[in-house]
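Structure first, commentary second.
By letter and in written order, the chains are A, B and C; residue numbering begins at 1 in each of them.
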Amino acid sequence: MPTFVQILDFIGTFAFAISGIRLASANKFDWFGAYVVGFATAIGGGTIRDVLLNVTPSWMVDPMYLLCTALALFGVIIFGKYLIHLNNTFFLFDSVGLALFTVVGVQKSIALGYPFWVAIIMGCLTGSAGGVIRDVLINEIPLIFGKEIYAMACVVGGIAYWLCYMAGIKSYGCQIIGGMVVLLTRILAVKYHICLPVLNNHEKRS
Amino acid sequence: MPTFVQILDFIGTFAFAISGIRLASANKFDWFGAYVVGFATAIGGGTIRDVLLNVTPSWMVDPMYLLCTALALFGVIIFGKYLIHLNNTFFLFDSVGLALFTVVGVQKSIALGYPFWVAIIMGCLTGSAGGVIRDVLINEIPLIFGKEIYAMACVVGGIAYWLCYMAGIKSYGCQIIGGMVVLLTRILAVKYHICLPVLNNHEKRS
Amino acid sequence: MPTFVQILDFIGTFAFAISGIRLASANKFDWFGAYVVGFATAIGGGTIRDVLLNVTPSWMVDPMYLLCTALALFGVIIFGKYLIHLNNTFFLFDSVGLALFTVVGVQKSIALGYPFWVAIIMGCLTGSAGGVIRDVLINEIPLIFGKEIYAMACVVGGIAYWLCYMAGIKSYGCQIIGGMVVLLTRILAVKYHICLPVLNNHEKRS
């Protein structure tokens, strides 16, 4: 039986794989390239986390991650034409992935005995590093920089998780509340165009 | 005495170092920059593999990799002018490197007790991740995406390796057959312009 | 009480965080994005080193690195306007960071029992990989390639460290001399435009 956190992990994997495959297809990658970008987007953040925490990355133990990405690829191949107009659906997918992965990252780090500030960074990495890898692979400036609140939502959710934990709320509760906070922060930020302040513009590198 | 796999590894290192140094020189990098790009191309895939498999990267135990890259650099410095017209030679070099590294990656993962689907991914990473790092360093969209079959050849070779292994063929035989399959797949793909299908083009990110 | 090497590490972290934050601000990143780029610049090299050496990255054990980066961010936010004209000051900062991090990387690798040629590479990685990550994140060709001597200075400093060590000079002495050599090499290289030779230009990738 998969645990609650594993189920979150699989849904998040599917959601992020779709996001990577879509961008790859916009750049006219072939099926294999799209699969690789989708897979890297889905497992990239978790892999960096697991390497830093010095545990074997989840996808090397469980082939579900490969299958989830394959499923996502077939979905985009078959339903590609209908998916173009579903930007809002995809935005939701991506935000759900962000929320789920943040919770997975925080939970895993705490379970390994790391302090909370490390767990929050790991949640943030799990949620957003996959998207950075995706954007580096397709040679664009990573989306998470300079737009509406994105990775910051992971930090807010991680802090919410921590406060719940401090208040004595059980593991399930912390995960659900933490995830909801990430999701809400992200959705409200995009809906109301909430951005963090931009630094005073300095000169470009000469 | 170096083992058979180590000899494959050194030839592959030399071949990939040359490929990195050539591209660096096309971008007017200095000698040190070219050395770094050549070295990263040569050891990048194997290093990611070793970090994921949680063993010390080979180049940290054996200075041969540094020397191979130095040799490749001197080769390009001295014979640079004559090398320009040898595109076919280089294509063969790169393909040989791809084949050898795939075999090395598959073999190492199996020796560490990983299941075959992990070994195939590791073979693919060993063979192609160095080239991705090279292309990210010189700020181009990685070559392996959207052209003739490249990293897919590693997967085909990895599966061939696995089938041989299942059929009870000895280690040497699996390695030779696996490597030949990678090489043939890559050469045939380029010769007959065999490409994987491209995904239906979607809109660019807005 | 922090050790001598830890103090070097914190000053280097601050110096590199400033360099990352400045470039992020030139690219109009928001505060969070600037913090992430500053943090990645500051801890990137050391993290790659620690993953390769298979020890827990320093910033996961000590929150000082997060605080240093926060301090650097506030500094740039508050004094940003006055900082524009201080290019020479920043050049010095960056060079000091390079020198300190090289020494930290060499020292840590030796303490873990690695041979000197590995320690020199690790010093070079610690000093310069953060800057490469920074440049990949903001989607530019890494600064360390094709300009005045940069990462090469780490190699020169690492060799100086090694010679001192061989000559029986104490740990402190090796660190101070090694660091000074990096700093001087870098400053002299920029002042007198000392560059390594560039490879004969070959054709671009077709």
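In this text, contacts are C-beta pairs under 8 Å (C-beta built on N, C-alpha and C of every residue); 3 or more make two chains touch, one makes a residue touch a chain.
All of these numbers come straight from a predicted model, not from anything done at the bench.
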Problem - chain C against chain B, contact positions shared by both copies (same if over half, else different) - result: different
Completion exercise
Matching the CA atoms of chain A with those of chain C requires turning by an angle in degrees, to the nearest 5, of 120
Completion exercise
Cα centroid separation, chain B vs chain C, in Å, comes to 29
Practice task
Please list all residues of chain A that touch 2 or more other chains.
Solution key: 51, 54, 136, 139-140
Handout entry: Residues of chain C touching chain A in the complex
Key = 21-34, 36-37, 47, 51, 54, 56-57, 60, 63, 66, 76-77, 80-81, 83-84, 136-140, 143
Handout entry: Of chain A, residues touching chain C in the complex
Key = 51-52, 54, 114, 117-118, 121, 132, 136, 139-142, 144-146, 149, 151-152, 155, 195-205
